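Both complexes below contain chain A, partnered by chain B and then by chain C.
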Partner chain A sequence: MLQTSPPAVPAPASARKPILQLVGVRKSFGGFHAVQGIDLDVREGEFLTIVGPSGSGKTTLLRMLAGMDSPSEGNITLHGERINDVPPNKRPTCLVFQSLALFPHKSVGENIAFPLKVKGVDAAARKARALELMAIVRLPETYHDKNVMKCSGGERQRVALARALAYDPEVLFFDEPLSAIDYKLKKTLEKELKDLHRETGKTFIYITHSLEEAMVMSDRIGVMRAGKLVQVGTPEEIYGAPVDRFVCEFVGEVNSIEVTRGADGGWSGVDVPGAFKVQPPRGSAGDGGMDRAFIVIRPEYMRVLGPGESADNRIEGVVYNEYSLGSRIQYQVRVTASGGGEKVMLVELSRSRALPAGADARVTLGWDAPDAFTLRS
Partner chain B sequence: MADLTIAHAETPREERPTHRLSAGALCALPVIGLLAIGFAAPLVAILGYSVATPRSFDVFRSFTLENFAALFDPTNTVWLSFLWSCGFALFTVALLAVIAYPIAYGLNRVFGRASAFISVLFVFPLFVSENVRLYGWVLFYIKNGVLDGTLKWLGLAGGPEVLYTPGITLFGMVYTYLPFMLFPMTLGLALVPRDLVDAARDLGAGRLFIWREIELPLAMPGILIGMLLTFVLAIGATAEAKILGGQSIIVISHDIEIAFTYSQNWPAGSALAVLVTFFIGALTLFALSKLDLDRMLGRR
Partner chain C sequence: MTHRRTHALIWIWTLFVVAVVYLPIACGALASFNKSRYFGFPVKAYATDWWAKTLDSIEIGMIVRNSILIALLVTVLSVLIATFGALAFARYDWKGRRLYQKLIMLPIFFPQPVLGLAMLLGFSAVGIQTSWMTAVFAHLVWVVPVVTLVIAIQVYGFDPSLEEAAIDLGCSRLQVLREVTLPLLWPGIWSGMLFAFLLSWSNFPLSLYTAGADSTIPKWLYAKMVAGYTPMVPALGTLATLGAAALLLTGGLVGLMVRRRSAS
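Take a look at the complex of A and B:
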């Protein structure tokens, strides 16, 4: 049974054993390869988010995990047992649909108690459990007999969540359930979902195209692109050490400078003139034998150098636009590109360090090599 | 300032008296005219005849309830025809519900791209007059007809003698009214979102449970409308009993027809027609009042 108290001593997510494993999972529809070979270990009790642009195959992946589709190739195992062809009603997993799929002819209570009715639980016990679950998802008791179609968007989310919990699944799947919710409510529900994850100790697998959602809630994030999992890691790893330009640009704004190695072993810019100090790519010894690469600098790691300040790398430019991001300010700085054109670099500064001159000021941008990362070209 | 100017300019227009018909009323005019002469006028005439002197044509000039009294006379066996009609209509509806459901399900979920073509196949017979189709069945079942003849040609014993029995009447009714059950039902089933079935299954429900708890209740508006439609049509059916059933049973509308034609007793026929109309009307209104479409569709 579901308990609201967390496990006594929660092991760090990374140390827990895998509950759900995918090995070489593929799914093709005719000639279209929606999912192209996915290997993934989902750890027990973790909050894993699969994020990717629309059409990246994440929903297909989820449907296979939930049992609504079976893989064309590969294996899905739950606790080591192959579940490729186990139908959804025989799996200890439950999906919260994007549409929520609430039963419109049933009340809030009946919706929540549906899985219990399936199991043959008697009416009194069903009601008691429904009320318990309603308390967990913060729905007032008076809603028990309310028509579910009369509930607001946020309330319906809670009903769908409570109904999934009533099934008492080992793994809960979410298919972008927050995509049609307004921003403020979404923020609230994200936090509640994360709380609920901690309170229930269950494994959550969440699918979204919104990286922001993924960053807020997840223990680990898997980035999907064109049917493949490009990178799986903690939000920090995904943000701080993306494996390629797709991930790196998907997870936030970046400045990238293409560089090439000269005869002397030093690096010089391709799109921006100048010599640059390059950090070796993560996980490889030395510079990995590259002769062409991208230096990637997040806007918040870019500094504006004052007189006498130094940095490993520097570029001269002119501020031409500033955007307020609330507590931070983003500056767009034009730098001279190779061949005489211009390239825009982004700098993000906290408000307390705002540039006094603002637009049209000449500035020197700089960053130290370890603050940037290097990606293979 | 600009807003004020516009507001002033609009005022005279609003105050102009509207003695012309609204667009809605204008659009409704043709159908109102059609209903007045095509639907209301015959009803008024029948009502008039039903209270006219028996065996006369003194419509609107005489008033008597004799025609109705005669219907309830213990020696009158018209109630038997009425029972046949009701019974056959009920049987037809029950059989149609069982026959049409799997087809409707298939059209929605199984046949895929073939659905449109299969739907057309079910509509196609409607292009041919009902009587012609029923005579077709007569040719099929008649002694030495298509079925019997073919079986004999194959050296078999020959077809069963089913023609001119109550059973074949029922068959004819089920055959004739299948589309009227099938299409409302198909529509009803189409109203069941695929997601809900998937969700119910995901929450552990088996096929039968999903059917009982999700599919059937959500498709119910369509199913009930199909049932109501076929019942009302079937209770007024005559051609099946006459052509296929060979008058082995007399249905109520046949009785009405006899009163108007053979007996030349229009007032008696009208009284019977009025009674049947009221019965079916009351039944339909009762069923519709019980059938809360909004609630069933979850709009409330």
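Take a look at the complex of A and C:
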């Protein structure tokens, strides 16, 4: 067959219009301010993950989006309409609970078809749709009449997902549903969830405390801390250009060196002696008028300099530990700190470039200014 | 062979306890088959005359009907009150919940004769004529706390996010109750019903004070022991015990069957 026009390419997520908008959303319980002013546009069809340590307010935020709590202040709009006080059963959204909340007295099929039963769909149509959804989430047809409590952890995840899809929501919320799953299965389910997101084209909002989960699945990640969204961006932006030390340390291991500006305008180390070349902080002109700052270098951007190799910045040190990370090896390197103490720097090299001498070897660490980033102290 | 001795001792002890518990009931049954009017041991002549009289008696028929009617009403009302009470008790967090939890449990530990007397005084103070209806009320005061406790245990046993999930999937409050809450509470409600019926069926002190001119089985047994004993007393007593045992057995079997069916 002749194809006269190329297949339609869906617009990139960043170009789509917002489906959910949050403006100045706050939630307090008595004197405790769980969510402290959140502005966020969720784009139609995106996979957005809110990540943060426990107690950061992410679950409270999700409960407000799902309609189980209403904001103390601010507005939540869906397609431009205010939904602050619309109850969950009147919202085109559905939440997959951390506990999954499967009905223990119903079979797999009855659980999945539950939203259809509530809507008054007849039994035959319910069963047909349940079987369709079971195929989508890769559950065998024979499971239709199985007692849901006799399913394994991974199977239950799939049942919960199929049940949420049966409701046919515009937005799906996930409250850490993979937190109690073993590592290998979790990796599989993460990929399946991402595939499902692409196939259904629905908007997914996922919350987790695991950055690894967020990185694998998301179009965008929002990092929450103490009730506030500290940064929202693509996984690359969050990892490569964190806005502050909290985000930076939350999303991975880092080396940080505190620096101060001397009278001549050059930077010198506070905790590690020496002069350093500093990259201007992202988004600000020049050095942003700072007198003190942190240079942050991720372990995989730290190089071990061979004879004759050069870099913008260099530090001498002694390797004292190495850890295998599988395809990569991490070294801990002691460098002399100001005042005679020691500071540990992390270097990560791919296995093919492993240091031959291993422990106790003297090495020269180096990095170019653009490979590091600068944060306000 | 200490193991063997332990085993033997366990058996002896168990038999002893069972004998102590069931011998009086057997004695009652024995007394009802006595041919003569007054009980003496050993029984000289056995007869089923008194059983026939018991089953034929119009008075006893009325009393049994009273007891059944009161117990049925107490069952229905207490389960209704206790189910919603248990949900308020165990599910929702509200101001005064802890106080309510303590207050509602307290009547279980009141001496029943005192409770009965207090209610009798209360009824006459407000000018209510005591009858089987006031007895129903009195039984409820004592039975509702017990049934609330039984159902509350079931409520504690299930994850509140199940109800939230049901609402999130489109249920109205009523649909949540019908599709999720009640089916999950059902085992607790069923045991609560059995408790309610049997506690009311065998209650004497509250009925004595609050049933007025109407009589129940325990009240009649007592009255006849005080004056006018015949072997019809142990016969009706045995009948009441067998009735309770039969109800428990049926209740247990129904519970088992329902569980089997939902498990398959």
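The definition used in the following text is that the second predicted complex is superposed on the first by the 369 of 377 C-alpha atoms of A that agree within 3 Å, B and C clash if a C-alpha of one lies under 4 Å from a C-alpha of the other, contacts with A are read in each partner's own complex, and residues count from 1 in each chain.
Methods note: a contact is a pair of C-beta atoms (placed from the backbone, for glycine too) under 8 Å apart; a residue touches a chain by one contact, two chains touch by 3 or more.
From a predicted model like this one, the values you see are computed outputs, not experimental measurements.
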item: Simultaneous placement of chain C and chain B on chain A, clash or fit; value: clash
item: Contacts of A:Trp367 with chain B and chain C, given as first, second, both or neither; value: neither
item: First, second, both or neither for A:Tyr331, with chain B first and chain C second; value: neither
item: Chain B versus chain C as contact partner of A:Tyr301, first or second or both or neither; value: neither
item: Which superposed partner A:Cys94 touches (first chain B, second chain C, both, neither); value: both
item: Which of chain B and chain C A:Phe47 touches, first, second, both or neither; value: neither
item: Chain B versus chain C as contact partner of A:Trp267, first or second or both or neither; value: neither
item: First, second, both or neither for A:Phe204, with chain B first and chain C second; value: neither
item: Chain A positions touched by chain B in one structure and by chain C in the second; value: 66-68, 87-89, 93-95, 97, 99, 101, 103-105, 114-115, 117-119, 147, 163-164, 167
item: Touch list for chain C against partner chain A, complex; value: 158-159, 161-162, 164-172, 175, 179-180, 183-184, 262-263
item: In the complex, chain A residues that touch chain C; value: 66-68, 87-89, 93-95, 97, 99, 101, 103-105, 114-115, 117-119, 147, 163-164, 167
item: Residues of chain B touching chain A in the complex; value: 193, 195-196, 198-206, 209, 213-214, 217-218, 295-300
item: Residues of chain A defined as touching chain B within the complex; value: 66-68, 87-89, 93-95, 97, 99, 101, 103-105, 114-115, 117-119, 147-150, 163-164, 166-167
